[in-house]
């Protein structure tokens, strides 16, 4: 029961708990905040897994940029607990049941696997910015360029949709 | 390669045309020019003119796999897009202000199509699919004043994002289960006997995600609403080109990665195929709006295309090409006529045979093709699919099921034909000035293409063996 | 630390995301649930990459395990793009209907 | 005239020509012309027949093959004519009587408009043509051609006055009942083909092919053929059409329903006598059916008041006698009776026709009487006819009927006894008819009375000729016991029945018995004759009481029509309605349309899956995912 | 000649081009005349082919182009045996139809006659195809024009009736298509003339030689048979037919009942029995019993039909049932009978329709109960009808007798009781036919029928031709038999 194990358990509990809070909390603002907590937990996991770059990017891009954007939109529309539309409890119940059973089915598929896939923790240089950078601009240059098309289209889209006319 | 680059570049070009060219009518000519260039460039890469292969040489690190099969598919796609532009470009202008941007988005979609047609790693599959989808979310919602359009784009977006999550989960598991730790689709080590649990799970996730993209039941629910809500001119595009691209990605992934162990997942495909045929055909029967009926019919046709995934043999590949061509041309043609109508219900077609015989004739040919009547491309494509499926031993009953549903499909396609010829027109549902001579000519050419492919399919299939 | 705990964790998060999508009607929150699903995937990918790094093949190739992390990077890119488009759509919707209830608009059915 | 056999095809051909001319140009032919053409053609073939007869009498028969109807490996059917004693005899009867009746018709039908007049004669010619085909045919198929042809003509002629629905019904009934018989005939034919692979008489009757047939085969074939004969020759149970057939013009009844067509059955059996001789079982059936018919018909005739109906039933009963003759192996007798019957029955019908003509269409005997003093020739000839049919020596009927009865006796006395009973009834009702018509005082209306007159020459001439024949016709068949070699007919027909006689069991009977039975039958007949004459010569309408018991049954013809109606017609009709309304509309078509409705219904229901709510869609998708995972992970294939 | 263009091609392309040409013609009379002319040309060709039946003219009667190389399918059409008779029937029928209905006028006549000619092209194609794929193509192509003809120019309930007909046959042919595919996958490789090779072959001959186990043949038999049974139609697949006949415009009804039903019989003769030799004996009795039930059943319904057209429709079902039964009797005489009867039935029923058409056109009613006494007004018509009607119930000296006689003889050879039961139809046919004659032509005229006029010249011509053929083939059928011999022999050896 090393430190890593304990931190793994703690981070996992944190992630799960706060994501549950995220989907249950009435007000959108709270949900967003809870989601940010989840992201922090996941970043913690990244660090455990020695993927510092992703950990940082996760914080910056997700928690930083995206979530703020969300928050911004929510504020813009000044949504709050009152504006939350009325729930349909039957549908929710069924939803929880089916989602849960999906989880069970999937887990049951893996619990049969025996323990021979250890994960290397706190070691190796795969996650280092240096390595990633080299790989990204050599092997992955094509997807990298292509992703620019993605951004272009997203940009154009945002303009087309968002522009008032 | 040519296709990806040029489509991307031309997308940017169109984007700027939106900024610099004030006239609303000019961009379409630019777009038509672009698609022509795309087609020719692609043909050069396919060496269709026997000038020797001409292409941008970029080291893709094997991330793209370019062969005559992919390229002939792209050729079909670009030809259909050209047809689409010639028929409907004028209607794109009517959607809204940002004509240039619309065309730009269409070209980005084509870029995505080119990627999924040639991808060799799961990463590019993922990127390609996203590049295909994101512009479509926009195009769906491009009619901003129209609440239906808004609703459609929201639904499409949410469910699309959801399916993206599933796709990624699938990729993750496949990666995890692949001892080679690689994303290359032809470098997935399945081992002997039953697949490792992770691969199995990942595979199911992939099937689900791709079924969603090609709107196969039970993951088709977005299709009718989105196709119905989107501006008709874009529905025409996404229900043809994008859908067949999805199928192409589907087939390529499964024959390169999992073809060897087909026996272990074919049941899923059978399940999906039968369900798709059932839901698509049965639900289409009762539709009153032609647009929505076509949406359901596209699901029904998807059921037939699933047979290619089911068979995964030469016949299936040929069938897929034929089906892409036949289905796309016919559907684009019908939509092109539909756009001209004020009233999208079946009654809207009443008496078209009298008021506008040529349009009626062409529409009839398209509908017959979708039904799968001999002498039309639709028959040949269905026929090839059935042949392909028949070669899979022990599942012949699936073919009989398929043809029975094909017979049912006659029911809703012929309702339109009956309306056109055997009912009297209430009021003129189509204003003449809308229907230009050039439009009629192009439509006639499309109809002729349908017949030509129906008589001699080899010249579509032939490319693949070029 | 065995991989299956990571699998369990990310599947759990993934399912929670799905349940969220199923139960919530606020478009933004539904979208956030999707983001949660994506993050579950990211976590899983990174875990897998380290799993492979632990395997023998890694010794031969130092950057062997980087692929997955690059992939995660691209996922984040796409997510960002999606967010921009998605929020644009939601804003447009709100502008027209003053509601972000996914079931508020229900013209398209049957 | 030696080569007359070479041009034998002319005999049927002439009437055909007549038919075509009168038929095609009916609009522009004058009555007299069309009548003349029709009669002339028949006379032509009559003349030819006489020459042919002379040829055949001098012993050279002939089989003419013209072309192949069918020529395939498993069956050859030629268009052949077979001219031998039997067919020649029938030729004479048909053309002779036919000619007379044509002549008669020229006057009888004179009131018809010329178009219909021509039509009538064309039908009549067509009939003669098919009848000739029937008897001249060299194989069963050609016979069947004629067989159906005469059926068709009888249908057309019965329905000649097609405005009247009862008439057309009668025609229909006749055709359909014949059709039932034809089915039997055809099945027999197929049986024959499937066994011996040929249909031509000479080959079928050759020892070789007879050897191929087991007893069952022969019995079956003959039985089926007999069914055909029953239909054509109006035997129980298929006889009811004949009385109704009286709807047709009287000359038609005389020609078709007395003299010629109805004897086709007898001809056919006589033709295939060897088969019947080889099938005793069938022969017994034939005899019994014949006798029963003879009796039943006679009983019915007793109570009929329509003059033509009486004659019709008497025809049925006489036909019964002929079958009895065939049944007991007296083929010559049967054929002999056909001939004599042709004479006197044609005579009687024509006489009746003349009476009806005079009574301006009245057919009910109760309104007649005392016509003796108005129409003498008719009266005399009619009387002669009655005596002939009653079997009084030396009139023709006596010889033929007696020959049959004698043969019956030698086979089984009971048959003879019943036969004599029938003969008595015959004598009775014939003279009842004669008395009610010609004797007593006139009971009709006044305008009828002063309209009464003797018929014109064209009508009386045939009467006279036929009367003479009815008297002397029998003399060609005088039994041995009266005059050695007197039975020229038997001598003449010997070759035809040679095969049968070779194997048939001979029972010689002593002259004394022969005289005895002859005497008995004559005396019995004479007695009933006188009784009938006496009883009805002073008949008044007033003194016939409403019949009861047996009488009523007889008046209603043993309720045969009602019986058929209840056990055949009605059930068939309701069955058909059941098919049409339940199985077709509700059952099969219901199923088909039901499928369509079901698809529509399913479509309407499935639409609700498309609820339009993202939540619901995703839920369904998740459930779908669940299913797929379960299939993949937990269902092993 | 054989090198330039062959007879089967002529038979196909003549009507096709004439048809396409007709579409562009506005003037009704012109379209009419073109249709008539081209149909006469086709008839001329069909008659000429009869002089070149000999084996040494093979090059005139067959043509074979490679079509789908890597599927092993070639455009192979040739004239022989049964096909020859049916092409002749098709060629004879169309001019008669056009002549007899010459006076009818149709709105947008160009399309009407164009579709008619296309239908003829499709029918011809079915009868000459020697390649499964080509056969299937024409099988459908014959259907499509008829579909449009019926739904465009038919009666008031035409759309439903025709669509029912369409879907019915479409399902059948699709099932057949699956069957074709399955057989195809069991055929041996095909080597084309130019040396290229395909894995399997769609050729008729290689279908005959396909390696199929008895079990496979068992269910394939039904896949094919149902398609043909629907086309014929055989009980219980017949319910589309009365409505379709009732609702179609009469010329189309003539094509349907005179020629199209023969497609089913032809299919059985050429594409069913030789391909599944092991299954045929196993199911022959079942099929025969089905057909014989159909005979009695249809005849019974015909007896209680009040609608003239439906009456004829049901009587046609009965006749076809008899033919179907006779095919499966599978002996020389019955098959010969079929060949004759296919032709005769076509001629006769077309004659019947001409008469009915003319009555309906003049009186506007088609119910027996409303008609009567037509014979006074239209004697010629009556005579014609009586002749044709009696031919229809197979009276001797008419063409139908020869065929039915042989078929019954054949069935009898196969099984006595079947023949006996089927024989009942002789009686029932008489019943309903005479009923019809009586109700329509006899009795007194009523308000509806009193101002009916006799037939005009063109109808006289059409009916006259038919009557002549009835008697010609009734008295001297031998030529027809010799024509059919080849086909029969080829079947017998299978």
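Chains here go by letter, A, B, C, D and E, matching the order in which they are written, and residues are numbered from 1 within each.
To be clear about the criterion, a contact is a pair of C-beta atoms (placed from the backbone, for glycine too) under 8 Å apart; a residue touches a chain by one contact, two chains touch by 3 or more.
Model, not experiment: these values are computed from the prediction.
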item	value
Chain whose Cα centroid lies at the greatest distance from that of chain A	D
Contact-richer chain pair (by C-beta pairs counted) among B-C and A-D	B-C
Farthest chain (mean CA position) relative to chain C	D
Intercentroid distance (Cα basis), chain D paired with chain C, Å	98
Rounded Å distance, chain A centre to chain E centre (Cα mean)	71
Rounded Å distance, chain B centre to chain D centre (Cα mean)	78
Centroid spacing, where centroids are CA-atom means, of chain B and chain E in whole angstrom	42
Chain D: positions in contact with at least two other chains	596, 607, 610, 612, 614-615, 618-619, 622-623, 625, 629, 633
Overlap residues in chain C, where contacts from two or more other chains coincide	3, 7, 17-18, 21-23, 25, 30, 47, 49, 51, 64-65, 67, 70, 74, 78, 81-82, 85, 89-90, 92, 102-103, 106-109
Two or more partner chains touched - positions in chain B	123, 127, 130, 134, 137-138, 141, 144, 154-155, 158, 162, 197, 200-201, 224-225, 411
Pairs of chains satisfying the touch condition	A-B, A-C, A-D, B-C, B-D, B-E, C-D, D-E
In the complex, chain B residues that touch chain E	368, 373-375, 383, 386-387, 390-391, 396, 399-400, 403-404, 406-407, 410-411, 414, 418, 421-422, 456-458, 461
Sites on chain D touched by chain C in the complex	607-608, 610-615, 618-619, 622
Of all residues in chain D, those that touch chain B in their complex	596, 599-600, 602-604, 606-607, 609-610, 612, 614, 617-618, 620-621, 623-625, 627-629, 631-633, 635, 637
Residues on chain B engaged by chain D in the complex (per definition of touch)	154-155, 158-159, 162, 166, 197, 200-201, 203-204, 207-208, 212, 217-219, 221-222, 224-225, 263-268, 271-272, 279, 282-286, 408, 411
Residues of chain B that touch chain A when the two form their complex	4, 8, 11-12, 15, 58, 60-61, 63-64, 96-98, 101-102, 104-105, 108, 111-112, 115, 123-124, 127, 130-131, 134-135, 137-138, 141-142, 144, 197-198, 200-201
